[in-house]
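Report on the structure given below.
Chain IDs A, B and C follow the sequence of writing; residue 1 opens each chain.
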Amino acid sequence: MTAETMFYWSLAATALGLVVIGIWGVLTRKNILRIALAFTLADTGVNLILVWSGFLPNRAAPIIDSSVTTVVDPLPQALVLTSIVIGVAVAALFVVVGVLASRKSGSADVRRMKELRW
Amino acid sequence: MIRTIVGLVIVLALSAIVISSVSDYSVPSELIGAGLNYTEQGVDDTGSVNLVTAVVVAYRGLDTLGEVVVLFSASTAVVLILTLIPIGANPTPPSSIVAFTAGILPGAIVLFGIYVITHGHLSPGGGFPGGAVVASAFLLVMLGSNTIPGKTKFLTSIESLAGLTFGLLGFWGMLTLGQFLNNLVLPAGSPGRILSAGIIPLISLAIGAKVASELSGVFASYRKAGGEE
Amino acid sequence: MNMTLLAAASMGTGIMMLVAAVAALVVKKLISAIIIVGFVSLSASVLFLLMDAPDVAITEASIGAAISTVIFLWGRGKIGGQE
């Protein structure tokens, strides 16, 4: 296994690991803010996967210059740029709704929030 | 306990599916499809040296308009919930270190944010990162004071003006060149100069103002609803 | 840059991030979890830089490390410090 292969796949493994840990946290944690934190972790992992999908080793950043002609794919980076900003807005909404729900039920424990039961 | 184990099983099954779907991948060495097209013709098409900004503003400008709308609705929902249902206000006074830092740093941070916004077509940056940097300067100011912000009409008008600018620039291209958000209603100029790349700097400015004012408005309404610890 | 060095950097950052992510979900105090998630976001911006995405790295550093940390700290203050 060459160093290049290890570099490429370690990035993918980190991103996938973050998504898996984040989904596990959303499924198993009980505090509403802890769930929001796990959601943020999964969000970061998804952004890493998207950027990784356009990444090619041994190339330059997508800023064309007279000396730079071989660059990585700019399209996933452009998508992730907007995705990060939207992610923080969604996290802000998540926290506000979570705070209101915990005020209403008197506890930050999701098992106590009867409105969320199904 | 049972919840932990069931969650673990679910995520392990998920990761097994993902890993099996990428098991025959190898490290790529050539670009294909849209990415190849953008890297080969991006500078000629848009005049922007930074291809990421070219994709965000020119090639996928309509998508960016949609994402700005999503951001707008999310921040509006936050402000609406926090103003409809007041949770109570008790801002805690900042420590002297925070107050001192908040007195000197924000000017430099705003300057850096404006640099990032206006040089979006030349170097890494553009509307979204620059707007976030400017918003973090406002956040620092808010953390360093122990007063509650008053009316935020100023932020709202900047936000509306920026959104209007984005839409009107789009319609300008529609009227003159028959294409919504056409980049070349202004001359592309020579790539690498600050006044080049058509309407990309103007749209970057609009996006930056919109992101900065929306995030600042969210922080202001947080502050009205209570202290940040 | 040397490819071996890049591989070592990405693996080191990745392992640190995964350990920190698990720690953020199992640690007792909520405030520690919030700070650890901010650290994970900052490390993610290092990975974005290694993947030749400087625009994304700037955005992630200013948003993930500063803005979202403050949002969560505000939420922690409002739910009354329940861990």
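Throughout what follows, contacts are C-beta pairs under 8 Å (C-beta built on N, C-alpha and C of every residue); 3 or more make two chains touch, one makes a residue touch a chain.
The model shown is predicted, which means the values in this text are computed figures rather than measured ones.
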Arrangement of touching chains [line / ring / star / complete / other]: complete
Chain pair with the higher count of C-beta pairs in contact (A-C, B-C): A-C
Inter-chain centre distance, chain A versus chain B - centres from mean C-alpha coordinates, in Å: 16
Separation of mean Cα positions, chain C and chain B [Å, integer]: 19
CA centroid of chain A to CA centroid of chain C, Å: 10
Residue numbers of chain A (touch at least two other chains): 4, 21, 24, 57, 61-63, 71, 77, 81, 84-85, 88, 92, 96, 99, 103
Chain C: positions in contact with at least two other chains: 53-55, 59, 63, 67, 71, 74, 76, 78
Numbers and ranges of chain B residues touching at least 2 other chains: 50, 52, 87, 124, 126, 128-129, 132, 215
Chain A - residues contacting chain B, complex: 4-5, 8, 12, 16, 20-21, 23-24, 27-28, 54, 56-57, 61-65, 71, 73-75, 77-79, 81-82, 84-86, 88-90, 92-93, 96-97, 99-100, 103
Chain B partner contacts - residues on chain C that touch it in the complex: 53-55, 57-59, 62-63, 66-67, 70-71, 73-74, 76-78
In the complex, chain B residues that touch chain C: 50, 52-53, 87, 116, 124-126, 128-129, 132-133, 135-136, 139, 143, 215, 219, 222, 225-229
Partner chain A, residues of chain B touching it in the complex: 3-4, 6-8, 10-12, 14-15, 18-19, 22, 27-31, 34-35, 38-39, 42-43, 49-52, 54-56, 60, 63-64, 67, 70-71, 74-75, 77-78, 81-82, 85, 87, 123-124, 126, 128-129, 131-132, 191, 211, 214-215, 218
In the complex with chain C, residue positions of chain A that touch it: 2-4, 6-7, 10-11, 13-14, 17-18, 21-22, 24-25, 29, 31-34, 36-38, 40-41, 44, 47-48, 51-52, 55, 57-63, 71-72, 77, 80-81, 84-85, 87-88, 91-92, 95-96, 98-99, 102-103, 107-109
